[in-house]
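In what follows, a structure is listed as structure tokens, so that the remarks can point back to it.
Lettered A, B, C and D in written order, each chain numbered from 1.
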Amino acid sequence: MELFLMTLVTGLMLGGIYALVALGWVLIYKCSGVLNLAMGELTLLGAYVSLSFYSLGMPLIIALLLSLAIGLILGILTERIFLDRLIGEPVLTVIMMTVGLSFFFRGLVEFIWGTDTRVFDPPVFSIQPVKIGFLVIGQVYLWSFLAAVVLLIVFVSFFKYTRWGLAMQATADDEMAALSLGISARFVYAAAWSIAFMAAGVGGTLLGNINGLNISVGYLGLLVLPAVVLGGLNSIPGAIVGGFLIGTLQNLSGTYLDHYFPGGVREIAPFVFMTIFLLFKPHGLWGWERIERV
Amino acid sequence: MSHMPCGVYHERYAQDHALWRSRFVRVKMLLLAVFVYLLFPLWADTYYLGVANMVGYTVLGALGVQLLIGYCGQVTLGHAAFLAVGAYTSTLLVLQVPWPNFMLRAGLAYPVSIIAAAFAAGLWSLLFGLPSARVKGFYLILTTMAAQFITVDFVITQYVSQIGGRGQAFSLPPGTIKIGVWTIDNDRRVYFLMAFLVTCLTFALVNLLRSKVGRAWIAIRDNDIAAETMGINVVRYKLLAFFVAGFMGGIAGAFWISNLAAVSPEHFPWSWSLWLVGVILIGGVGSIHGVFFGSLFMVVVMELLTLAVMSLAGVYPELLMKLNFVKESAFGLAICGFLLFEPNGIAYRWWQMKNYFNLWPFSY
Amino acid sequence: MTTPHTTIEDEVILSLQKVSLDFGRVRALVNVSLQVRRGTIHSIIGPNGAGKTVMLNCISGLYRPQEGTILLDGRPINHLKPYERARLGIARTFQKIELFKGMTVLDNIRLGRHMHLHSGVLSGAFYLGKTAREEIEHRAFIEEEIIELLEIAHIRNRVVGMLPYGLQKRVELGRALALQPRIILLDEPLAGLNLEEVEDMARFILDINEEERWRITCVLVEHDMGVVMDLSDRVFALNFGVPIMEGTPAEVQNSPAVIEAYLGQEDRYATRR
Amino acid sequence: MVIQNRIAEPTSREIPPDLTIPKLFLQKAAQFGSNRVAMREKEGGIWRPISWERYLKNVRDIALGLCRMGLQRGDKVAMIGDNRPEGLWTEMATLCAGGIAVWLFQDCLLDEVQYILDHSDARFLVCEGQEEVDKGLSIRHKCPGLQKIIWDDPKGMRGYTEECLVSLKDVMRLGRESAERDPSELDEMVQQGHGNDVALLFYTSGTTSEPKGVLLTHHNMLTMGAHLMEVDPCLASDDFVSFLPFAWIGEQMMSISCGLLLGFTINFPEEPETALSDLREIGPHVMFAPPRLYEQMTRTVQVKHLDSGWLKRIAFRWAMAIGHKVADMKFKKLPVPWTWRVLRRIAFEGVHKKLRDHLGLSRIRNAYTGGAALGPDHFRFFHALGVNLKQIYGQTEIAGISVVHRSDDIKFDTVGKPIPGTEIAITEDGEIIARSPSVFVGYYKNPEATAGTLRDGWLYSGDRGFIDEDGHLVVFDRSKDVMTLVDGRPFSPQYLETRLKFSPYIKDAWVIGDRREFVTAVVCIDYSVVGRWADGLGVNYTSYSELSQKEETYQLIAAQIRDANRDLPPPARIRRFLNLYKEFDPDDDELTRTRKLRRAFVEQRYGSLVEALYAMVDVYHMDTTITYEDGREAKIRTDLKIRAVPETG
């Protein structure tokens, strides 16, 4: 029981980070219909940028803010250069564009920072675990989780209450209507990509704090996919719930199934779960019943 | 509609249905065969043969991807899994099965293993094609991705690789790969095997595409509702497409072990799946020519890049170490560039060029 | 008006019994019953949104009605998938042409032959023996029976998407004919055609209905009242998913209920000059 | 009679007087049997070959079938339909049975059909399908001689129950049964024939009066074919595409006479509409067509060339310039220097070869044009491509041909030299007369006309012409078409019109000047070509009439006319012109169905326009009524500009 709760809680905490990245993913899809397979590389890029600034001796917050700023610029550039012209193209084209981007960014990251695992040095969070009741939780997890939750709240309130957020929602629902309200779709697309870059950067930085940073952190970008599929691709709450679910599921299967299937169950379980889930509920938990053709 | 020179007419349907309908094309194909089977292997040294083998391997892998994406409309991002299944099946059969002596002497073990590998990969692919009965588009892409991770990163890495207790990689001692009396132990022999397999699989796919099965696939790609009212069992044909694509992938994988000293999961990463899709995108989706153009283009460009980096190494030695990262980025940029500037791929350009000269000196 | 067929006139080939279909809160079909006799041309008329196409979709299996039974030759086919119904001899054309636009006319019609072809993957891959023989046999069939009938020899190798609309309609009919169906469901085959093309198409419909070679029962959804009244043996009128009446063209034409349904839409549904 | 000028060609090929077409047919069929393809028909997308053996069998069945149905020697069998093997079989069968074949044009009006059927006393009418049967049925009661209507294509024949209708299948079945009883019957029937028997009854298109029936014997047809083949031998392996009406003597000449004499393969297109693309598939070695077809080909090339990219355009112009240069040298019989030969070779490989491929002339050895004059520009165009195009001159009355160019001796303003065995002379009135074994025996049931045309064995053609210093015959346009200016100088409007129409921008032209001081023209621009040209310049227009009246268009057309004027003597040059606000249209009776100008009609219709052209005004206001396709009429008020053509420099 204790083990179960422990696993569950760490899972949830990890899930918070997933949810954050998943949010960025869904945002892009909602606004511009792009199914983004480069999310993992966005994460990498953001994390490495923060790490670099941090290694220069800046406080983490400043490093993070700087990486957010760079994410913002990169987001706009990426959208402008690569994706703007693909509006209305077949899904495969758009997906492959993000695949191309992912190769490009990964190569770039590897080229600049190499493939060795790098850690935030000195560690940002104390290694001393925190005890809450009978639960023992690494501080890293706790703080990461809190940071993720705070950011999630910020983003969600941004969509719910600010003019820009509403504009983005409007564009997602009906581009023509949005245009008639004087909202520039191009602006919204760029904004979506910027926010995605920023969310991914934060997520990556947090993950990097937990296990150290190497190229496999980019795997996060793939784990996000089961999360958004569970949520139904175009639902922000869905993505958040999906993120938490996947984190939990991953941890649970790592703990309980590893015994039966030694090896990488932890990494594979979300995908197996997703495949089975899709067979029964092809549109996710909150998705539209819309068939898209590739 | 294909362009035919004046004075080419057919008196029988067999002539009209022939693959190569005019003498010009037949001569062209003959010259191509002479080049591929005679001139090139005579002329090429180990380096060029190596490059050619890489091209051939890419073609073999990409044919299945082209079938699924280009002709059946089922996007797959996990094709390397089936190459891996093929490679591992073949390797295990060659290494682990106590073949009777006469078979070993006759060099039958490897050929038999190729066929077994093809079937194994085909069935494995069929299994992961099952969701295509229910899901489409992006969801299908995800399940094919799942195929990659489950197959390579889980089943093969964690279980298959442990067979025989050799650890991660299966080494293939020289002389194990034998077809008949013909030991495939150098690049030239690998080249001939490659050329033979590429010829066979290309013909098989081209023929399929002009018969019942291929037409059904294309119909499903273009308009699945109309296809169903034509009496086409859409699910069956989708699964068949997965099977055939996996089958071809299995052959590709089984072929590739002849070029490897050891087989390990690293040979079949997810990026290789993506690479294959990139190849058909660059070559041209829905075109057999495209498979060849894309493979040639990608392999040759990568080789040129290597050469360029080598020559720069004097100035900036670190570059040499980071060659792979440069390649990765370049591949990514190539895909992006093609999607932006040549979205129909090289095959379309080729078609346009042919058209330009066919219509010469007119434009229509 | 066509001459009545004497031989198998009374046999009901297709029947809908109390079929109802809802889309959410929208009632698309309400208790629709229909008996189509073998060898007849049975038209379904009704104003826009009356549920005519929905009826065809139910028959061909694209929609599953929530209630009621659809019988072919007295056997229920409700549970069958569209492709299984096609194999029982139901072919159709679509209101918005659903051809395979990138293929040639010939390949489109070849697709219609799909279920009459029997070669598998292996023989297809070698394109020898059975496959090659079969391809030739069916090519001959397509040429002699369909291309000849529909007068599309001059476009056989053209890509369908590039053809004018009227010819596309004709190719779609050809593709449906290639199934050698017993019943053909024609969803507005005349829509968007010019006068000459309408005459051609009407002639083809009569041909496939009357020629000894084909003898296909036609279920026709059409707006062009003039042609409907000329071609049909029976007419079935529908409004908002509810059957209004069924009868001979003359009866339906003079029925007050039908006139009522069309009231205010006279202009749109007036026959072509 | 004073014969001023006479040329004759000796012949070495004698046709035995008792040889008939069927006898020759049986010989060839026995010779080639099942080894050779007699004809191909494109059907179901492939060219189905028909061997000589099958050909013979089908002809036998039809011939015997017709006999069982009561065909007697000397009976007429009328035929109507497109070009298809069945047509040729029936004709051959008729000849075998000793009958006389009468071909009707597919587009004959009902009155004509009735006149010809009635006048020829045809007992059988062989129709292709429903359309022709309908024609036959509707005039049957007016032609008492007509007994049976035979049809071939079952399409749409479902509901026909008339008693006089028989399907060709049934006829053939009758014949087959008969042949099984007596296999030698056909041979015996054929042996009864003699070369002097009448084989064909041809009705010459009656532009002025009722059609006249030309009676041609077997000997006429065979000698004509043999003599033409003496000039330009064909090979048995050659291909010929039969797509022009069988009722045109030129088609009979190739399909029946030459085809039989040599046994080349006759190819039938799938549909009349696909004739040109089918022609391209076959790539014939020999063809004979009226000028219209060649004009259409050059026009296609000219128009397409304007639409192609700059590189293609430059290559085309360059290659055509070389081609023209070399062709001109050949016309003048100058030696071609090696430099030009090399250039021509390059131009040929680079452009000409491909152009010929597009036109379906890749394999052409001899191309003939006849029936009317082909403009010199067109003529030069084909020779520039290396197509050996020759002018043929002849009438139905002389079995189609009496004069033709020789391969190494082509002058595009002449029609060449008489074929072997033919004598040509000019009477003192300038009329061309001819004598040969191919001259017909007379008009059917019209002795007065016969007497007028056939005197002392000479055929009086009614054409004017002279024999030039090289021994070539030069034919003026049909006498009635040559016009004279007010000062008595002759000029030929048709000639000018074809010259104008060589320009891709000009679709039709009407040249005026009979008994006037100078020559003027009414031009119909080619809307699509001029339209694209205007788009390129950024000229805005919304309709044909607007585009035709643009100042830019006038300048363009003026330049075209100036080009056409270039080599002409000053009096024959076009001085003033206007662009018509619409195209000439066969539906408005301004053109014939073959797009020939109905001069008399347009003169009457546009009389006031003509006056304006000579009234030296710059603008003509016109009110006119036009009838739309759906029968509506509309009044149109237009201002038509009239411009002078700048002098040629």
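We take it that a residue touches a chain if its C-beta (ideal position, glycine included) is under 8 Å from a C-beta of that chain, and two chains touch if they have at least 3 such contacts.
These figures come from a predicted structure and were not determined experimentally.
Chains touching both chain A and chain C: B.
Chains that touch both chain A and chain D: B. Averaged C-alpha coordinates give centres for chain C and chain D that are 46 Å from one another. Chain centres here are Cα averages; for chain A and chain B they lie 33 Å apart. Separation between the centroids of chain B and chain D, computed from CA atoms only, is 57 Å.
Within chain A, contacts with two or more other chains are made by no residue at all. Residue numbers of chain D whose C-beta contacts span two or more other chains: 45.
In chain C, the residues that touch at least two other chains are 139-140, 157.
Looking at which chains touch one another, you get A-B, B-C, B-D, C-D. For chain C in complex with chain B, the touching residues are 60-62, 81-83, 86-87, 91-92, 94, 98-104, 107, 110-112, 114-115, 117-121, 123-127, 131-132, 134-136, 139-140, 157-159, 175, 179.
Residue ranges on chain C touching chain D, taken from their complex, read 106, 139-140, 143-144, 147-149, 153-154, 156-157, 210-211. Put simply, chain B touches chain D in their complex at residues 4-13, 15-16, 359-364.
Note for the complex: chain D touches chain C at residues 43-45, 155, 158, 270-271, 273-274. Contacts from chain B toward chain A in the complex involve residues 69, 73-75, 77, 130-131, 134-143, 145-146, 149-150, 153-154, 157-159, 271, 274, 277-278, 281, 285, 322, 324-336, 339-340, 343.
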